[in-house]
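Next, two complexes with chain A in common: one pairs it with chain B, the other with chain C.
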Partner chain A sequence: MSKLATAEADRSPSGWKIIWREIVRDKVAFASFLFLGLIIVFVYGISLVLDQKQIVTVDLFSLYKPPSAEFWLGTDYGGRDVFGQLIIGTRNSLSIGIIVTLMTGIIGILIGLLSGYFGGSVDNVFMRFVDFFMILPTLMIVIAFVTAVPKYSIISFSLIMTAFLWMGIARLIRSKALQERELDYIQASRTLGSSHLKIMFTQLLPNLSSIIIVTMTLNLAANIGLESGLSFLGFGFPESTPSLGTLVSYARNPQTLESRWWIWLPASVLILVLMLSINNVGQALKRATDARQRKG
Partner chain B sequence: MWKTIVRRIFIMIPQLFLLSILVFLLAKAMPGDALTGLVDPSLDPAALEAQRERLGLNDPWHVQYWNWMIHALQGDFGQSFRFKMPVSELIGQRIFNTIWLSVATLILTYLIAIPLGITSGRYNDTWADRLITGYTYLGFAAPLFIFGLVMLWLFGFHFDWFPTGGSVKPGVEPGTAAYVFSKIYHLLLPALSMALITTVTTVQLLRSEIIDTKQRDFILTARAKGASESRVYNRHILRNSLLPIAAFFGYEITGLIGGTVFIESIFSYPGMGQLFLSSISLRDFSVVTALVLLYGLASILGALISDLILSIVDPRIRIK
Partner chain C sequence: MALLDIKDLKVHFPIRGGLFGRAVGEVKAVDGVSLSIEQGSTYGLVGESGSGKTTTGRAIIGLNAITSGRVMFEGKDLNEGGKRSLLNARRDVQMIFQDPYSSLNPKKRVIDIVAEPLRNFERLSAQEEKRRVRELLEQVGLSAETIYKYPHEFSGGQRQRIGIARAIALKPKLIIADEPVSALDVSVQAQVLNFMQDIQKELNLTYLFISHDLGIIRHMCDHIGIMYKGRHVEQGTTSDIFHNPQHIYTKRLLAAIPDIDPTEREKQRQFRAAVKAEYDQAYRDYFDEEGLAYSLRPISSTHLVALPGKGG
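Moving on to the complex of A and B:
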């Protein structure tokens, strides 16, 4: 698949250009990228028109209807339209995935930068905390906190998820920042009298941006997976706010699993395809950051 | 070496302490206390208050923490109000099911990973390698709970090859061969479902290790000395590539913990994960806290095992 890189004589291309070229060159990644864009536009667009309240209202006259012209993907045990829930569920899963990814990203980057830039005892203290959080059984602790929180909402749910998921990115940023701070440009900037804050955020951070983008993309897939997993177990969103995992969770009823595929199968396939696409894009981005692996 | 082990065990002490504080806070944050399940509406509030005083529920938090920890260290986690029995006894009934499930999964994980990883690494960029890489790509993206459901749907319901719930056929006498056979039969589908997903990281790691090792100088030397191809692979390449796999064994244990919760829930397998979920839904919080503590302990031990294996395998990272 790989062709010889077109030699650019004058100067090396910018980071964004490399990333874009890598995605376009890799047909699978490009298709995934387009698919993700379409899904996002489609889901957020349609859910503006759809009425969530109306969709999640129980209708006892149309329980477990198979797919038809009226209900494109049939109805669930409460007579609720599965297609509408699928759209809203995708929107909710994507939103929470993006929110959690951004929040864990911000915390992880801050801690990683501080830890890696200053090193020494600052690094030691932060890393012991990271070590501790890393060994926690995340799934159980998140479930336990979700049930223990008195006022349960989307905000508290994403805060709980964030509290136990920021460590991976912090550790990565820290190790990269540790390498980067030894480089001459940091020393030079320091000698010229730049403040630590300025070096960290305007000089060091931009040099780590490609790694941050890659990690956050791959984290997005993982977070969507975790959220739908939690909703599947019944500890994510309530039924009135459907997520993709909520639809899959109806399959825990053996009869639904066995003979009412239209309720759980579309959501399962959608989760799988979403995660595959995000991973594909993430892998292409990863290759873009590592010159040895590039295709384009 | 001994120095490393002792130091590494010392690192666990603050971890255990923090874990116990976190779990204690969790227990306090959960609605209700040890009396909630026992309270009778006709009970006099003054008598209830006396009971609270007697149980130490009105003490300052550090006293409560100390008492709780002393009890927990002795394996006393209080009573489950749902089952009306000590929590430790309840967990004792379930823990072995989860351990069997985890052991079966680990065995299957390596049984799948090693041949696939070797094939993929040795014959890289052939159709077999592409097939295996495609599988790891898919397995990496597929969430465990969806894959588990599909496996249950296909092999449990549609083909009816495997039982769809429980850990043993009801009515089989414990201790007989039929009992053991039935246990294994019930384990197979859940363990295989989990192994097929967890194995992909090991396959990927083994593949890239073998491809890396293939190009090392000492392999060239071995070939130059006339070693046969099978000797080069089995003795030189495989041995060096398996070391990192061994080092990840401990993390594999940590990873299993979350997986068993999903798998036990999907396959209605009566282990600790299922107990955890049902206890949390029914607000049986003494069981929940004990289980979170146990799971936390298991992952701390998993990390310990990884670090110890790593330091045996790679002398450079031993603590000096």
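Moving on to the complex of A and C:
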């Protein structure tokens, strides 16, 4: 038993352990992490029992009710329960953020790895492609798409956003891969008979994992913000599919803004706190990848 | 027949410049190198930084593209037959890298590093693989319990041993050792070198040993080639080179070996000054207008020197 323990102690801490230690050491990041976990469990749990159809159904007998025992956060101009909309809206916003982050991550990693690993003309072709996407007026095109597609769901909305958001991570991975491929262990793998694909995914990718985790986390916050922004402008989800952005957009009505705080304030605060928390965790992750900045 | 036979190997790199990245010139990193190595022997390639010795080694194993010339391994041309033959040759030609820190993937455990060639070329069960890796590690003098450790938990010498274990995993015939000890401190150098000689006898290995350290070359090699600006200036057995150097560059290189006897210090200094004077005076005779060495000519059955002459 004791032998096992010493063997365990001899082993250096793995990447996950370092990340965990860094988060726990940083009180703010740890609180943010717990808060995020709670929100996610809470939101996805409750939205299972809530009936979206019933919540978004207009009820003319209970317009603009302030918070009460029946409607915890009151109702909006259609008599719809704000609390239910908040839960489902947070779920929708989080889902979109996560899906967009994952999809941009996968595309960005693939293109970045290919172009960084091979370099030369492959890199040139991919990077000109990235440049092309970068100069497009993303927001305008997204708005045009959203207007053009008559009926869209979480998936199609995420796809539209993904199409214009993968370039940043592709560039980042490419620049890191360009540095990394010059190291001898990549050359050594060639002489040992490994194929290019094998080297890219089993040798190169693990060495980029820390930077991938950090950027994806920070991207998550940015993507949630972007979705809320689009919905606020009226180019995101319709009111039948609530999101944090649609709730905040009710505040465009001056009367609502002035005297019916319960409609827009909770959603606004939630956006703020969510983004702050994700960023806090992201900063802790960032420190964990650089031994000189670590606190733990 | 020699195990490895190189004929007039050239490796040129384009210099890109201008608006569209056109090739505006070339660096002749290796410019007409010929050598042959017998099975079981050690050939030392010596030269100053930038003389093309490392590029020669990398071209043989396929890490640098060959501009022209032939690399024959066991009578087969490694350039012909496309990727297949190169891949098969990879089994038999392996490389030990200079820097034991960057040549091991920091995210991989020792077992994954040493087993990488086995996974590429041999179908072994997990159990067999573990046994083979343990054997290899014991062969290079590391404890078999280290297989689950990461590279950064080892010292430089130990890491270089892991690199050697990886290189001998496929039982290759030729190992290209690119300055395998220059990143290690002196006490560890001797350890690794002696160990390389031991496994050479044990496995009947052939080494192409690239180094700038003449003491190490003398200790390790049967044959020596001295390179300068991408060309051989002199080639011969170890005693040819050390006891009968013919080219002024070789003489100057040998004069630069430090002597540890302090009573001889003044004599050494004068000797070195004399060699330098000879070098400066004879430089124009031994090198052509571009400062390159002439072609090699035999002066005995084993000894070739790039002597000046019209045939050059």
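Operating definition for what follows: the second predicted complex is superposed on the first by the 282 of 296 C-alpha atoms of A that agree within 3 Å, B and C clash if a C-alpha of one lies under 4 Å from a C-alpha of the other, contacts with A are read in each partner's own complex, and residues count from 1 in each chain.
Here, contacts are C-beta pairs under 8 Å (C-beta built on N, C-alpha and C of every residue); 3 or more make two chains touch, one makes a residue touch a chain.
On a predicted model such as this, the values are computed, not experimentally measured, just so you know.
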| item | value |
| --- | --- |
| Fit or clash - chain C, chain B, common chain A | fit |
| Which of chain B and chain C A:Phe132 touches, first, second, both or neither | first |
| Partner chain in contact with A:Arg252 - chain B first, chain C second, else both or neither | first |
| Contacts of A:Ser189 with chain B and chain C, given as first, second, both or neither | second |
| Superposition-derived angle with apex at the Cα centre of chain A and sides reaching chain B and chain C, degrees in steps of 10 | 100 |
| Chain B versus chain C as contact partner of A:Asn207, first or second or both or neither | second |
| Broader residue contact with chain A after superposition on the shared chain, chain B or chain C | B |
| Touched partner set for A:Gly234, first chain B, second chain C, both or neither | first |
| Touching partner for A:Val49 - first (chain B), second (chain C), both, neither | neither |
| Touching partner for A:Leu197 - first (chain B), second (chain C), both, neither | neither |
| Which superposed partner A:Ala148 touches (first chain B, second chain C, both, neither) | first |
| Per-pair minimum CA distance [chain C against chain B, superposed on A] in Å | 6 |
| Chain B-facing residues of chain A, complex | 128, 131-132, 134-141, 143-145, 147-150, 221, 225, 228-229, 232-235, 248, 251-252, 254, 257-258, 264, 268, 271-272, 275-276, 279 |
| Interface residues, chain B side, partner chain A - complex | 14-15, 18-19, 22, 26, 29-31, 137-138, 140-146, 149-150, 152-153, 157-158, 164, 254, 257-258, 261-262, 265-266, 276-277, 280-281, 283, 288, 291-292, 295-296, 298-300, 302-303 |
| Residue ranges of chain C touching chain A (in the complex, touch as defined) | 61-63, 87, 90-91, 93-95, 97-99, 102-108, 116-117, 120-121, 148-150, 152-153, 163, 166 |
| Chain C contact footprint on chain A (complex, rising order) | 10-12, 183-185, 187-194, 203, 206-207, 209 |
